[in-house]
Structure formats: structure tokens, C-alpha cells
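Just so it is clear, A, B, C and D label the chains in written order, and each chain counts residues from 1 on its own.
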């Protein structure tokens, strides 16, 4: 079978599994997503992208944006500042857990991929005002995607802002222990906005391939991200990128990846390709069921694992 | 020795211990309190109050207000409503802990004496608006104290409001799990205000003697609080009134009591007397060191323990 | 209605509730108990005991023995030694929880009514050997019950010993942190034995009335237990006696009580009466459903609450 | 500078840091280790091993044995059985923590690199009796090391056995929840023995190079371990190998590694080399201070990171 045929077979297989999960429904804008949509773009470091399935579907990045705010914060403030505010360890808890903030003084979030850590990282992005921080984040994503039209979904943003009380709880806890600087609502506002950045699989795969290529634009060979920060991002994607299923994903698939509750996954095979997937039906840990299955099949067949 | 002499001796003893603790310093208005101030009023159910020491000192109620907001919520909404929002169990954790909200679904606060529970109870007070809730609480306290001049300390309130990020974290968590209704900031605003209600030992002892007298005004014999709600309040004061030192206090002293981080303690001997104490130096669990020592001495000598 | 009629009515009511719970089934000997058995003995401080229902039923004390091992340890070693090994605070966790031993260094059990605390207290009982400790405990119970024929259920003991791996886990944790002295298996052996002491409601009520009478034998007026240790025991029974439903029991019933997973409850109204109940169907927290209902009814009608 | 010179410089640098930590002292046999000993062997996939420093020092494997018992259990029982008993996720807690066993029902250990997980894995090793399990483990290590003289340290084993009450606590908890089969003491006995297996850096590096070579003996090219199990082991070493500093190690060094409280580290650069280090002074998380520093230097200079 050709690769295209294989992929189409796996897509069919994957679609058959989506009834085991459910679409995120904590905000209406997410709940409307079709559970059995499935789209994938594979963007090789060398060569043209391959796109299959529901790839015209536009989705919000959700937690995937955490990878790029981490990179931007590192570029803006350096490792020392960033890692004095957020740790490097997986937690074993779910992404919105508040437990370790109280249990492990002084309440520094364990890593930048859980909500508490990503809110903290957002606060470290350069910019005098929340608006400036936000515009810098958006511009950074547009720049990487080489697409100035990328924007954010105002409905999703407004819904998150109206309902994200757990994130507020995290934010005020972080403020209380002195980890989060500035005004909590302002930092959260920037956080909600970057979670609501919209794109397609194709654009997501473009972001991924830059990471797969150590920060170099595969078209122009310009260094869009310093290689050392790509390395840090890839490491976090392996140890903490798939929520508290990251360990299993590392065993089963073995590549850097980050998922979002929109059902999106950004994945990459270092030196080889970037991958963007959308499949809104989520397993109990918040990862796209179909997406996980696709990546597992691809990794087995094409030996993706770094390990 | 007469009782007065005994009390003066114990006060001297107690003052000698205050260097072992420290005044609450998380807001400037509290930090200014003199660590070795010590005042006590004993208000017998029958007879005149006895006042010794620094009894002109005005302090804020802080957590002591939790007893009266619980009573008012019970009077306004009844047991069924109140206890569908807040539990009846001690936690073993500190008063500002958020752990059990996450660890024990569905996140109902364990009791009304911890911050999470008291914020929830505050939201249940009758009133169309936060202002109305607040005025009803203040009026209730004034009514019990028989003193329409009782007010609140605006500085303390403003400081709490400006810095109480842990309480905000609790509030938004409670909102997220559906336990807290209404707007979090509005409920917190009422909460901060009633924590900042000001009085003296003498007034505090007057509140206490009403509880000691099963809700009857000792002067007029009018029923100011239904006896069944006094009983509930007294029970919570025994099981959860002295933060996570309540169990030890029950063993050592054995009476209903509630402390506040201002160093105040409201205590009572059922059927016999109400007691109001101020002594700002706190032990590590947040209870007045001198106040605890006074009560222990009094309980031993005068057989206060209910057990 | 006479008291007897009231009690019979309440027994009927209570029996109707037992299908909501279930008999402890972690060991076969307990699982054989009839779920709708219900027996009660009321032993007044002055006057003759009243016995109703299935009072010939013999049951094992289980957690009720914790009250008497605490008292004996206090008599053997004094307050200072006992409370340097075990705390005085309720936990909010279930009786077999290990969480706080790790979460709150140095791992001292929070109180003597949870398993970790009771195992520790058992180790403090006087005696050169485990056999001697055990014989002293049994003799103490026989002495209080004024019945040298009280023994223990060998089947229950053997079953517990064979299956009580959670208690072993607690024991070895306590050993690891230096709280438990001696050999863990030996201490556990004594613990399993005293949990398996057998009696009837009538005998249980006799134990209870001694506590209700401040340690005095109601028949002979001899001081069987020093009053100060009775006070401590009663206090713990109020704050921690009914597992993590103790707070609610204090509100609803308001008297010292201790339950066991055999469905037994020892309760007392200070100065008035001791109560022994057996009703094997348990609610989710481990308390006898019928027994709780009986006590609630009695407390309402006859004003038992200390609060 | 040649590589040898670089290594010697880094060893000097590393030795200067050892005063910041301390030698494990929970058993006498470990406490006797010299804090500033430091030895390293680098075993390339192709070519001769390079050995520097205190390489005649014999040490016990401690937690490093967890890697090989995992591999042997996988070879004996397959992935399905092993991963039905133990998970694949990092915990964020220390290696001896019991918290998640209670907090996350049904109490399956999160991964095979924490003590609870490794005890469970030990129980899955093939063999009718504990002796047979143990002999199979030892034979497997001897076979990999190509050295039939490798044995275990009886003193260390006896000390562990006598004092390892936390491990017993974990074992009995696992037994209670049904995760651990067989007799707890027997499983622990095997566990204590394999933790006490002794070797030198040179032998450790030989074990490591087999993993670096995907299970192939670098000398004979025989497949000593199926490649798929080597991959699983390497993945766990990255996500959980360095206790709850694994995330940071992945960022700073980026290679599969496993440390033991003897101050030993087994590390490997896939396809390139195996590394064995001994340096007994430990940081607060239990990793060799000098060893960590050496690996960080080497990784920076020679681009070890897989990420």
C-alpha cells in the first residue's frame, strides 16, 4: 500500500473509535464541533505537505498555544527568568489540578504545559500592556505560520473568559504565593486569547515542521526560533505534552506532541516532519481519540519513536 | 484568691508567652496590633460583665464573623439549603486550604468555619444585592450586640480586598464546581466586610453570652436567635472553631469557641457565661496564644469543659 | 406513648432503612451478620437496663475497642507520652487513610480513633510482651464489663490477621517514621485481637454507662477509670468517634459515641445513660444505618445533645 | 583539549560540588561510602571503554536495578500483563511516596521507576519461588554484564531488609488493593536483593551500552534484549529515570538515565555509548551531584540530547 492508502485506512479505523470519547463541552463554541471530523496534514521537512480528511475545519489551538508562549517567553526573558517561575517536572495530575500548588511550597507550577504553568508563562511574555503581550503572541504565531491572517475566535475567547473559573482559581492562587506578577485578570485575558487562536491542520503542521527542523523555516531556511529553545519545547512536549497521558504516549508513539481540548494535536518527528491533526472527540484525559490512534499507527509503521 | 486575682495572675502568665507567636502581618492594618495587648471580658448569663486588661482595644472580628453569618444564613434559608452547600465535618487542614475541594468531589466545603465554607455561607445570606446582604449582616450583629454604632474597619476591608488572593482562589474554585452562586467578587466583597466588623472584648462577650444563653438576650430574655441554630453554631465551634487546633482545644478546654486572626476569641460556657478575648500574638495555627492560655487556665480552675 | 413504645416504633422505622446500606464484607465472619438485625440496650446511670430487639446477638467491638485502648494507654503511660505519639485533631479522611501520614510530617497520626492512631495507641499499652499487652486489654474490658467471660472471636481475629494489609501498610509507615515502636506484626496482632473482642448490646451499654458516669461503676460507685481520662475519651468520641461523619453526628445527635464496622455503636448521655446498639447494615462511611437513626430519634425526643 | 582532558577537568569541577549534598545514610552500609569518590566509564558502541577516577569502587545498583527487572518482567510476561499492573506516567512525587496509591484508585503504581512500581514489577518476574525469581534476575544481569561473578552485597541486603519499612508499607498497600500478588515479604525480599546487586562503573557501562545498542551485545552482536523492550526501558528512563528531577534532567541533559541512591547512574547515548558513573554524594532528590554535573557537561560539549 502507498502511504496515502495507509493513512486513509488508519483514518477509517480511527473514526470508528470516536464514539468512545466525547467532544469538550464546557463552552458552547467547542461543543458544536463534529465528533467524527478527522483531518491530518503531514508536512515533511523536505517536500510538500500532504493533507487528508477534514482539513478545511478551523479549530482553536487551546493548550497547543502553550508550546509557543513558552518559546516566546524564553526568547523574551531567557531560561533563568522563565524557570525561576515555572518548573520542569511532570505532575501526574490533570492539567487543571491545583493540588501541587498547595502541597509543594512555594507553589511554583511544576511545568509550563499544565494550566497553572501556562498562565504563569503567559505573564512573562514581553510587553508593557496585556494588549501588547497579546499582539506579540499573535504576531509570533502569524510569523511562524507565515500567514498574517491568522486570528482568534472571539466567541471561544468570550466563552472561556465568562466560564473559566478554574483558571481564575489557579491564577489567584499563583498571585497569592507570589509566582504570578501583574493583574490576574489581565494575564488570564491574554491566556484566554492565545488559547482561542484559530487555524487549520495545514497551518498547524507548518508550525510543527519548524520545530521538527530545529527552528529553521523549511522553505527559507531562516532561523525563526533559536534551536536551544526548540529543544526545550520538544523536551516538554515529550515529558508533559499529552496531559497526564504523556508517559504512555512516549511509550506508544515516542515523539514530541502537544494536544488541545479542541481535539487538535501538534506532533513532529525530529528532522523529518511536522504533523497537524484535528479530531474533536476526546478521551478521558483530554486527548483526541482519533488523533492518538493515527499517531500510534504512523509511529509503528514508519518508526517515529525517538527512543 | 478571688476570681479577679486569679484572672490577673493568669493574664500576667499569658502575657509572658506572647513572644512565642506573632501578630498576623499579611495586611498592614493587622500588623500594627500590639503583640502583648491582652484584654478579656466575662459576661455571665446572670450578673454584670467583668472586664480586665486592654479592653478599650478595638479589633476586627475576622473569622469570628463566620459564626454569625452561619446563624444568619440558617435563619434566612434553613438547614436544608445551607447544608446542601456546605458540610459538617472538620478537615484537618488549615483554614485556607484548597486541597479537599479538589480531592473530594463535588467540591463542597467541609464545614462553615473554614474560609471556603464561610465564603459559601456568605453567599446564602438573604438579600437581593451584595449591599443588602452586607447591611443585613451588620444589622444582625448590631442587634445582637445591642449597639447600632458597631461598624467595620474600612482600612482592614480595603487591605483584605486588595490582597486576599487565596480567598479569591477559593471563591473561583467554588464557582467552578457550582457550589458558589452569584458573582464571586460580590460574594467576596461581603465576606471581606463582615470579617472587618469592629468591636471590643466587651461587645464580643455580649455576643457570646447570647449563645451561652441559647439565643436569649440575658437582659431582656427575648429570643434573638432560635435555639436550634445556636445549638448548631455551638457544635461547629467545638468541632471546627479553633482552626486545625480544634480537637486539642476540645480536650484542653472543652467549650465552644471561635478565634480570629486579629487575635480575638469568642468563647462561651453553656448556661453560664460568654467570654470575649483580644490578644494579637498568634500561634502557628492562627489562635491567640495568650487567649488560649487564659481559657485553659479558666477551664481547669472553674471546670468549664462540657465533656 | 411510653418510652418503650417510642423505642419500638423507632426500631421499626430504623429497620426499614437498612436496605440502603450493606454489611461489612471484607472478612467472611463479618459478612455473615444479618443486615436487618437490630438490638439496643439503654443503661441508665440510676436504674435498670432496658433491652430491646436482637440483644442476644454477639458481635465484635471492632473500632469501639479504640476508646478503651486509648483509656488504658492513658492510664498506663499518661497524657504526655500518649499525645507525643498521637494527635488530637479530626482528619476529614476515612478511618484507614494513609494520606496525612505522608502529607503532614513527621507522620504522627492525627487522632486515636483512626486506624493509624489506634495502632499507635495499642503499642503504648503497658506490658513486656504482646501477650501481656493483650491480656491486660482483655482484663480491662472484662473488669469494666464486670464479666470475666468476655473473650474474643478467633475466626474474626484470624480473618483480620490474614487480610488486614491496609493496617499493615499503616503500621509499617508508622514504623518507618519512628512513631511506632516495637515489632509491627506484634503490635498489629494485639490490635487485631482487641478489635475482635466479643459482647452483646447489654455488655456494651454497661461499658458506656461507666463513661456516662465519669468513670464510676454505677452499681458499686467505685472509680474504674480516672475521670480525667473519661473526659478525654468522651471528647474524642464527639470530635472523631463516628469516622468522617463525626461532625454531622455532633450536629444531629450531639453525644459522645463510637461506632465499629460490625454495626455496633457505643453511645452515652453524660450523667444520664449508656447505650449499646447493634445493627450490621452500614452506611458508606461505616456507621450502622439503623443505629444512627435510632440515636437521632432518641436525641430529638429526649434532648440528648450536649450542645 | 582531548576528550580525556575534558573529562578530567569536569571530574575536578564535579568533585568540588559534592559538599552540597550528602551520602545516603539510611543504612550503615551505604553511609560508609566516600562522599567525594567519583568514577566514570564510557563504553562506546564501537571501540574500547574509557575508565577514569575511582572505578575500582564497588557499589550496589539500588534503583538502577529497576530498569532490568522491568525488562525481564516484559520478557517473561509481555507488555499486556506488565502494564495491567503498573502504569506509564511520571508522578511528580518522590520515589517512595504512597500518596497516589490512595488518591488515584484503584491504586496501580504510576510507573515502574518509583518504588511502588518496581516492587510490583518484581512480583511479575517469572519463577515458581522467590529464590527462583531472584536467581533469574541475577542470572539476567550476569548475562548482560557477561560476568558470572556479579553478586549482591549481603550486608546491604540485610540492612535494607531490616529497615525498609516504607517499602513494606508500599507493599502491603499494593497487596490490599489487589495490585501485588503473592506474599508481600517474599516479593520484598527479591526486591531488596536486586537492589543490592554489586558492580563497578565498568560493568554498569557495559549494561548501558547494550541499551544504547538496542539490545545487541556490542562485542558479539547477539540480541540480548528484544529491541522493543529496550525502547520501553529507554522511554521510562527519560520520563521517570532520575526520580522527580527527571523533567529537568531531560531538559539539561536529554538522554535516558537511571540513578540509584548509592550515587550510581546508568546513562546512555542511543547508538553511541553507554555510561556508568559512581559518585555517592546525593542532592535532595536522591541523584548523584557529581554524576549529574558530569553528564550535563558531557551533553553540552558532545551534543548528547535526543531532543
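By definition in this document, a contact is a pair of C-beta atoms (placed from the backbone, for glycine too) under 8 Å apart; a residue touches a chain by one contact, two chains touch by 3 or more.
Everything numeric in this text was worked out from a predicted model, so none of it was measured.
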Worksheet item: What chains do chain C and chain D have as common neighbours?
Response: none
Worksheet item: Listed by label, which chains are in contact with chain A and with chain D?
Response: none
Fill in: Same-site or different-site touching of chain A by its copy chain B, using the half cut
same
Practice prompt. Let me have the rounded angstrom distance from the C-alpha centre of chain A over to the C-alpha centre of chain C, please.
Written response: 54
Discussion item. I'd like the Å distance between the centres of chain A and chain B, where a centre is the mean of that chain's Cα atoms.
Written reply: 47
Practice prompt. Report, in whole Å, the distance between the mean C-alpha point of chain B and the mean C-alpha point of chain C.
Written response: 32
Worksheet, complete the sentence: Residues of chain A that touch at least two other chains are 103
Worksheet item: Within the complex, which stretch of chain A touches chain D?
Response: 87-93, 100, 110-111, 231-232, 234-236, 238-240, 244-248, 250-251, 254, 256, 270, 305-307
Fill in: Of all residues in chain A, those that touch chain B in their complex
97-99, 102-103, 165-166, 168-173, 175-176, 184
